């Protein structure tokens, strides 16, 4: 009796572990299929003409340069707006905050902001910046809406990075007669910087891939924006319109591949910084 | 309390040539509303090494941190009684703990060099307090590393990260870092418990050299170390869990280890408990 | 031949109808002051390809002048030209009765036909207008009722902003509501590829976009071809309009004349699968 | 000139000066100990307040969203009445019917289906990463999960539209749109979110618990099933709720594969419209009440996402007491 019970115990164990392996394989498989499909269909498009020239003709033939410029412009502008605020907010939560009503409210607000659907953030950008503040469709309106979307993300990664700095290193600094800000600015932030940068880069990847927020704040007019007050169509929006239109699919695949490569680049840079930093610290 | 106990409580050793660097009067310390230390009165001798010994958890480290207000970093702590440094109460309102900590440096159990180069580690303190010129910094850095008995081992690798050194070297780097801000007092919280024996020897040697110009207070649960390095020893004990710890006996190291006045001190140093 | 009632066309680019009032607030007040060098043309997504390519050709000939084209759907185009937020409103449908009093001048620029398309494997080749209407209203739900195989009919419809839907609803359904269970797709190309992939589906797109992947059925016995549209025998066809506030003048007139020139009519209009107005019926 | 004692130290943790509560008059701070210079005191105070202001930007953000989206969406509640808006099941804006019950039900159907498919897959992956995988494979799978999280949702939608839809159209005989297609896409999208957080929860279970279980002769699976998953229960539930929040808020991926018919679909291969897709489909041409109604839908979406956040907060607090 004993052995049979032990046998089906090991078989269930083996089956269960098999299922777990399947789950992992399915996950990697899903990623693989998507990447492979987009690469296979999009690689043909990645000619310098496609990347650097403007779309023309009935169905957006030609290149997608203005959308690339619009995407980079709004992403960088959003980063410039939100990163300082997010990092300093994280410094407050990690270093200065004393457990109390105020901190709970801030944390709840940050979590809520992080879970706002991007379509709602898009309409907010439209109501607040495009119409409310009369900015009209512009890179600035989109950057501000994106800034609110990214704020909680960067706040969280920065706070984790700051908390990862060991306590006794801080005390080492205090022990030398450093003030709080001296300790934070000269010891804590510098040693947390690599992880903070990683968080910022990943957030940039999220901003670059955003559609719902930018479509209602930057509009869809093909334009390589120079001034923040100008409208423009980003790559994700271009992909959406091409896909919905459904005629010029090669351009859609090309845009999708460029988007994925851009996100891949963000991810790999972030990963590189983390590994280089870990090696440097020894 | 028995009469004899009361007399030791005064913590003042009448016949001695050293003046009191710290004079602590009726100090009580609270974590929230838990009274961790009670009624501590002791005079810590200037330019001498004083050891705090006692079983772990008897509050000797906590008391050490009262001397340079490091406990302020822990939210919800407060203390009563007075801690006088050269006659001035460090907890008086308006006293700048930042300046206090510059004058009363601290070394921790876990070596904690900054994630920077060796040079920057030692130069961090002086830079904090306004030293800008490189020549001046170089001079301070070299002097401090020499005083910390680690110069020969690091002088050619100043650019390397502090964390790449061995445990013992790191601890001496931390000592050099503190010396760079010319403290008057050096508090050492079990500095040798996490480092290799040869480094322990070097740290103890440098304590002997430093003590002629710096007051040193060392917390250790290693009685042989206390006997070797200290001139005076204070024995702390928390007799009942949950009850506050207090100072049992304070005397010259020689007499504490040869003829302890209090039976509990004798039990502790003969290893009968704790 | 029924009066040439107006129809909408299918191609559609997703742009906020509200873009125009917002731009009024922010950007274009400055433009009105200086000599007019920028023309805004917004409206039907079907006309967008023609207007855009014509704009590019126009810009090549007049480097200092720029024509910004946006496809927001015919209704939004009419609304924006009435409000003055764009200089030309393009529409692939007639003015609604309440729009006739807005003082808009109509300049037809091309003709188009809406083809009812089915999957090539579908045996059905001909439908009457009534049958087509009953299918799209959800009254006929099985192909066997119109001579096909015994299969459920899957309806593919266009979104409410599309001119093609408006025209199709007016001509074929006589304004009756579509079956709400039908799929609602935002673009001509998508309608075409969905019908191409689903054996039992039916949809409608501009004749210009019909290719081998789908089959256009005859309506009331008349197969939609260029000839049958030109001579007006094919019942489901429409006129593509340029509307201007008052007679076209200045830069607007220059552009309208350019669109009516043979360079655009014979080349661009044909490329988009439509019929030039010059050769078409008067 | 000595400064007044600093304000109650709990609020201002400036230079950690803890106010001395003892009564007897402390001797004046002797000449030996310098007092805080006014400049540094104000500098530190200014910095702390600056950081506080930055932290409050998050609060301002939420307030602004409520303010602006609410301001644009509120009139529809007034006009149609909240009950009819939420309760009415006919959504036909051009005819003036603004009932979004159908859309709510569709959103729920899409989300729950995606969870039923995605959550087990995600938790399986999380268990794989924290318990089963050897380091070499783990360093392959984990970046894959992170990358899956990085792919923009519009790329997921495009992929669904161009590859998945035709395949499903073939074997389902329908158009390829519908709940089934949406479930697959959404499941893959929420998988990284749930997997990452579940893995953290599993990894934070102390090593000792695993050893104890193995020591009693439990197999790996028994350890996982009977010990680890219950121990990480709270974290996993949080992950699932976050995944739900992400699924219900997803727009671009869903609009391309849902089919957008404003009805409750009969069958999992029939087109349907959700709370998020109605906005992206109608926004370009909606005007007047229709546009206000879309903002009303946005308010509902925002409230739903806040409810999710509140639930997580309650569960994690409840978890702490019980855990």
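For clarity, chains are labelled A, B, C and D in written order, and residue numbers in each chain start from 1.
Please note the rule applied: contacts are C-beta pairs under 8 Å (C-beta built on N, C-alpha and C of every residue); 3 or more make two chains touch, one makes a residue touch a chain.
The shown structure was predicted, so the numbers you read here are calculated from the model rather than taken from an experiment.
**Q** Which chain has its C-alpha centroid at the greatest distance from the C-alpha centroid of chain B?
**A** Checked the centroid distances; the maximum from chain B is C.
**Q** Just to be sure I understand: the centre of a chain is the mean of its C-alpha atoms, right? Then which chain's centre is nearest the mean of all of them?
**A** Closest chain centre to the overall C-alpha centroid: A.
**Q** Averaging over Cα atoms per chain, report the distance between chain A and chain C in Å.
**A** 38
**Q** Using mean CA coordinates as chain centres, what's the gap between chain B and chain C in Å?
**A** Inter-chain centre distance comes to 86 Å.
**Q** With chain centres taken as the means of their Cα atoms, state the distance from chain B to chain D in Å.
**A** 49
**Q** Mind pulling the residue numbers of chain C that touch at least two other chains?
**A** Residues 14-16, 18, 185-186, 190, 193 of chain C touch two or more partner chains.
**Q** Which residue numbers or ranges of chain D touch two or more of the other chains?
**A** Within chain D, residues 10, 13, 15-16, 40, 161, 283 contact more than one other chain.
**Q** Got the chain B residues that touch at least 2 other chains?
**A** If we look for residues of chain B contacting two or more partner chains, we find 73, 75, 98-100.
**Q** So how do the chains connect up here, line, ring, star, complete, or something else (other)?
**A** other
**Q** By the document's touch rule, what are all the touching chain pairs in this structure?
**A** Once each pair is checked, the touching ones are A-B, A-C, A-D, B-D, C-D.
**Q** Along chain C, where are the residues that touch chain A in the complex?
**A** For chain C paired with chain A, touching residues are 11-16, 18-19, 22-23, 25-27, 49-50, 52-53, 56, 68, 70, 185-193, 209, 268, 271-272.
**Q** Quick one: in the complex, what on chain B touches chain D?
**A** Residue positions touching the partner: 69, 71-73, 75, 77-82, 84-100.
**Q** Which stretch or stretches of chain B touch chain A in the complex?
**A** The contact residues of chain B facing chain A are 68, 70, 73, 75, 98-103, 105-108, 110, 112-116, 124-125, 128-129, 161, 163-164, 174, 177-178, 181.
**Q** Touching chain A in the complex: which residues of chain D?
**A** 10-11, 13-16, 40, 43-44, 47-48, 50-52, 54-59, 61-62, 64-65, 67-69, 71-72, 120-125, 127-129, 131-133, 137, 140-141, 143-148, 150-159, 161-163, 188, 191, 195, 219-222, 224-225, 242, 245-246, 248-252, 256, 276, 279-280, 283, 294-295, 298, 301-302, 305-306, 308-310, 312-313
**Q** For the complex, which residues does chain D have touching chain C?
**A** Per the touch definition, chain D meets chain C at residues 92, 94, 161, 165-166, 169-170, 173-177, 259-263, 265-266, 270-271, 273, 281-287, 291.
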